[in-house]
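Common to both upcoming complexes is subunit A, partnered first by subunit B, then by subunit C.
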Partner chain A sequence: MKSYSITNDINNKLVIFLKKRAVTVLLLAFIVFMVISKPSFYSWGNITNILTEMSVYGIVAFAMTVAIIGGEFDLSASSIFGWATVFFISITNTLGLIPAFFLTLISGILMGMVNGFLVSKVKLNAFVVTLATMTIIKGLTFFYTGGSPINTSNETLIAIGAFNVAGITLTPIIFVIALIVFILILAKTRFGRNIYATGGNYHVAKLTGINVDYYKFIIFVIVGFCSALAGILLCVRVQAGSALYGKDLALYAVTATVIGGTSLSGGNGGVAKTVIGLLVMSVLFNALTLLGVEGYFQQLIRGIVLIAVIIIDTVIKKKNK
Partner chain B sequence: MNEYVLEMKGITKTFPGVIALDNVSFGVKKGEVHALVGENGAGKSTLMKILNGVIKANSGEMYLDGTKTNISGVNDAQDKGLSIIFQEFNLINTLSVAENIFLGGLNRPKIVDWRNMRIKAQGLLKSLGFSFDVRRVVGELSTAEKQLVEIAKALSFNSKIIVMDEPTSSLTKSEEKMLFKIIKELKAKGVTIIYISHKLEEIFEICDTVTVLRDGKVIDVNPVSAITKDMIIEKMVGRTVDVEYPKRTILPGEKVMEVKNLYRTKILKNISFDLRKGEILGIAGLVGSGRTELAEAIFGAERFDKGNIKINGKVIKLRSTRDGKANSIGMVTEDRKETGLVLDFSVTNNITITNLNNVTSQRILNSRKEKDVAKRFIEELKIKTPSHKQEVVNLSGGNQQKVVLAKWLFSNADILILDEPTRGIDVGAKYEIYCLMNKLVAEGKSIIMISSELPEVLGMSDRILVMHEGEIKGELLGESASGEDVMQMIIN
Partner chain C sequence: MLKIQDIKGKYIANVLRSYGVLIALIIIIIITSIIETNFFTIGNFINIIRQVSIIGIVACGMTFVIISGAFDLSVGSIVSLSGVVAISTINNGGGEALAIIYALLIGVSVGFVNGILISLINGKMGEAFIITYGTQTVVAALALFASGGLFVAGRIKPGIYKSIGKGIVPIVIFIVIAIGMQFILTKTKFGRQMCFIGGNIEAAKMSGIRVVANRTAYFMISGLLAGFAGIVLTSRVISSNPAGGMGFELDAIAAVVVGGTSLLGGNGSIVKTVLGAIILGVMRNALNVLNITAYPQMMVTGVIIILSVSLDILNRKAKEKELANEKL
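Presenting the complex of A and B:
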């Protein structure tokens, strides 16, 4: 056991790589399988479809990843998203598109600030706080709309919705911009590093002179902002708002984050990993639809995939120790 | 040949790239207290983990009472009369004393007989010479009491051999005495104890035999009566250590910090002192005397109700640790794992975190600059790590402590508060940290050092403040003070 041959070493490295990227490898294998067995999967139309599908929720998943890295969690993203869709459409119908855009983003930021204040200053548990604000905001949205969806026939909005480059609409473009921005912030700025430190060990971060309360606060503002932005992007596509939109968003975002490999305990992971999680979910469901699997059944598979990925991940981590 | 109750023969254990144990043979006689010493990384923990069945040796044999045995895991070890009490206790804070003692008990019935359990727990504590309510929740107990519970737990398995890993590391002097008394009683009952400690004085107080490990090999086995402390140190580090506390020339400069009438209800009582440039100011006192609270107040980690702090003649505001850092104060906390390091972070990221602005260009973190900083400190402080990218969780205690120091040096702190700077680290690394402290004060920095190890305070400080019950009882000169002087001040 004292000497290792070079081929052995390369083999070891390959094994370590495969273990670390098990989810990615499985995803690629699945894509290859689909390309071979179902040519329609590989069509440009279907690819842009997958991209568009994952982009709206994907932006919120990035924000959720930041929150989880910082050691927090935000359930209210769902309700902020739903609120944003109805608020945006209704303001578009009254004050116009540009005020609607800014007012909706501001409302998302304000809701995030309330969450952030309660968690970082009043020191309440994030789960409880966001569970409460989730319910409150949902109630507010129902109250605002009387429960029914609202539509708009704003022509500019319809035109923006129709805009595309080779089938790629605005949403995936913003998704990619958000991805790059988040990667840069997390990996390359003091702000990002301090979020990792705060989530990695709150006490250490505090005793290092990091303004931990600020980071705990800002996490929720980021989620609020991104949820509102994603709500607007959905409106661009469907020109309608409803309190029921986004009801599975928060858990979807957490699922994508965890499948991607960001640990729920905080302090590590990243948004690039979350892209893998998003791809797993949207590719899988797109494929299931193409293969003719029923919608209800897909829910069940989503849960199984989540558990399976976490099991694989945990088993590999244990083995590596 | 049956004089050995435990014998491990030819134990070898390799981890990828490292030989942790190299053909180690280790024998313990029945009823003795056997010390196992060595620097961090010498292989003590690995050997104990093999003994406990947590990890498997690559080769070697183990004998209990002369019969060859295999230990498959912790439960098996307990069945065979082996218990290990780790430095970090294995107790559940929310459960009662009795429940903890019998947790995982061998013949645990499906239905708990609470009365019987309490009586048995009470009996075990009594056999150790103690009696307190076994219905108390473990989280409320003092460290010493928790240790007692661990020992009682070990006895509940009818353990014949108990391993104690750094049992005194967080005990006060009087608690330590109590522990030694218990050890002697256990010994009288025929229980064999393997005693792991960095505090060599203790070994001479209670151990019969000492085995020295170095770099995974047994260097020496001797009766304690046939060996001196200096000989043990020499064998542990593989060279002669001339002086425990390196000397320096004292150049006390102008006042850099003036603390006046610091007061915090029930915790700190009108604390006043000065700190000079290039000085090491020691703070001695018992655990709970307010030492750590004082340090936290000076750093901005804890509030104070009255009083003020001047830095370079100006009163400063200390609302948070950020203010402390901004005023060039740094604090190495007493628990590096809980409050000193982000364990998942690399060496680099742990060091640069105090001063990220210094490693950015146009507000973007520059990984090359970060790497250079880390490499500089790794070299300067002789941090033993395979790479600057290594996660600190994988480093030994001494090297972790150096990373904590590096982090505050990188923040350009002029006043360093060191709370128990050498706790749980080995002789060699201790000496290096002392040398580093001397170098820092020679460069014009000032150090406030808190320590429970009296010899360390006496050996390293220019002046010593003696604290007791939140008050400064007096001041001594490090050069001339003795341990008795300090204790006198505390008692009076």
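Presenting the complex of A and C:
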């Protein structure tokens, strides 16, 4: 009889695991399928390619995860990213690389501060605020460049862009550092726990003495900073800036976060989960490209996957309750 | 004892709060008219309203969805797809009536998918955001697929389809739709239930409102109007563009918000949305007349959106204060 109960127990645990990690299991199954059907998928060149592709947007996705945990949303990340590429390249051409680096980060922080102020102090809806600042910053970027892309031939920048360890460039390295920093901040510090508390229940958090408005504010500063940083990292790779870069970034970041399993209602989730979401998106698209699926069709599949994941996610959560 | 000055001050504040948007519109018109004589002409105003009517039709549907506590990001791509399908139906000899039916059918079906998915999972604003973004991606892909990614010139003979976008016809259509929607919102059970659902969905469910059916209907209306806007758009430019409606969803949301309908759901009005759409149109036209280029225009639009939501918040705070005072 005892052996029966043990297998039963294992079965139960397996079911719970499958339910909780459905997306991860699907991802692994998909990877196995790809490795068997397309050997080129499993080459070092393609793996580093996937890593580099997901790293730039991934850094913004981490910041977006923090924002969503804190119960907010930031659509302006796209525009801040585009602005950062343009501003960084133009300052590199005039004042040099180091001032460009710092000034770009500062500009990203300032834009985040404007968003944060409007949401936390004026108490405006984050969706509308960031929709508006998205338009404003995009207009500013187009105005600044006259609409055309700009590039640079700064040799140091090209050298940094070419730097790699066994095919791994600077971007994935910074991506991993960002991941570790975010995990530590969210899990191990009071700052991180307070963000969860603020997103989980704003009023309760306020009553327990947490300075909730400060956390609402700082969330947007983090997104602004990370968007600017990601913009710089893209510049390192392509040595060019354009207002059109990062057009779909904000929605990409939200999608990766949700697919990873961070709930849109705030108060739970984490950046490690978002890595799964990023992997799903980038592996899927890499695979579709390798399998020779057309551009329109890829877009179609992306939309369907997005809808399917959010529905599966909500249904499973409801059942677990 | 209340002093007369107090009452006067209160009255002015009330007027400012309630009609702030209208006052802003009048100020924009006066200033631009003084600077540029070409602005204040009947021809120009007809032109503005005609430009506004397409976004306005989409924004009317968006108002219903927002009042019920959700969002619809898919409308822009519905405009594109319905236009592409309508034009290619006509070009392939399918006839105008069929083209119109297809376009409307596309809108209603996408709306149905949005509505049924969101209401079945009991989705709030966040879920509505993601799901309609998903359908937006899918529908935009279908529009590219159907057109091969190309502009298609319409071979439209003079007839019903061509006249829909001509002269003041779009304006008349816009006004008729707006009046009909306002009537539904304020005078029918269906409209009152919409406000109830947006205000408190759990309470609405408890009181026996068929929430899933109702919410699906709001999205279907939004989709239907977006499909119709696709017809008006392609009829005006006599060609279809697979990205023709790109960004319409944001313009429509902007019109709703600038008009003063709260994004929190539960209340709002079509009249406000029409005003919001006209304000944005007048402003864009005024900036054009004043020779301000497209990029600073984007910035001004953003600032106006922020200012109008701030006004909404101030309004609500003041109302809360008044209620608290009355209770005392």
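Please note the rule applied: the second predicted complex is superposed on the first by the 316 of 321 C-alpha atoms of A that agree within 3 Å, B and C clash if a C-alpha of one lies under 4 Å from a C-alpha of the other, contacts with A are read in each partner's own complex, and residues count from 1 in each chain.
Throughout what follows, a residue touches a chain if its C-beta (ideal position, glycine included) is under 8 Å from a C-beta of that chain, and two chains touch if they have at least 3 such contacts.
Here the structure is a predicted model, which is why all the values come from computation and not from measurement.
Student: Is it subunit B or subunit C that touches the larger share of residues in subunit A?
Tutor: C
Student: Touching A:Ile310, do we find subunit B (first), subunit C (second), both, or neither?
Tutor: After superposition on chain A, A:Ile310 lies in contact with subunit C alone.
Student: Taking the superposition as given, does A:Val254 touch the first partner, subunit B, the second, subunit C, both, or neither?
Tutor: A:Val254 sits against subunit C, while subunit B stays out of touch.
Student: Have a look at where A:Leu207 lands relative to subunit B and subunit C in the superposition and call it first, second, both or neither.
Tutor: A:Leu207 contacts subunit B only, not subunit C.
Student: Contacts for A:Ile106 in the overlay, against subunit B (first) and subunit C (second): which applies, first, second, both or neither?
Tutor: It touches nothing on subunit B or subunit C.
Student: Once the shared chain is lined up, is A:Arg302 touching subunit B (first), subunit C (second), both, or neither of them?
Tutor: It touches subunit C, and subunit B stays clear.
Student: Between subunit B (first) and subunit C (second), which does A:Lys188 come into contact with in this model arrangement: first, second, both, or neither?
Tutor: first
Student: Once chain A of both complexes is superposed, is A:Leu124 in touch with subunit B (first), subunit C (second), both, or neither?
Tutor: Touch partner of A:Leu124: subunit C, not subunit B.
Student: Show which residues of subunit A both subunit B and subunit C reach, each in its own complex.
Tutor: Common to the two interfaces on subunit A: nothing.
Student: Mind pulling up the subunit A residues that touch subunit C in the complex?
Tutor: Against subunit C, subunit A makes touches at 73, 118, 122-125, 127-129, 131-136, 138-140, 142-143, 147, 251, 254-255, 258, 264-265, 295-297, 299-300, 302-304, 306-307, 310-311, 314-315, 318.
Student: State the interface residues of subunit B toward subunit A in the complex, per the touch definition above.
Tutor: Residues of subunit B touching subunit A: 14, 58, 299, 301, 320-322, 324-326, 331, 333, 338-345, 349, 353-354, 356-357, 360, 363-365, 407, 411.
Student: Touching residues of subunit A toward subunit B in the complex: what are they?
Tutor: Subunit A residues touching subunit B: 1-2, 184, 187-190, 193-194, 196-197, 200-201, 203-211, 267-268.
Student: Under the stated contact criterion, what part of subunit C meets subunit A in this complex?
Tutor: For subunit C paired with subunit A, touching residues are 71, 117, 121-127, 129-131, 133-138, 140-142, 144-145, 149, 250, 253-254, 257, 263-264, 293-299, 301-303, 305-306, 309-310, 313.
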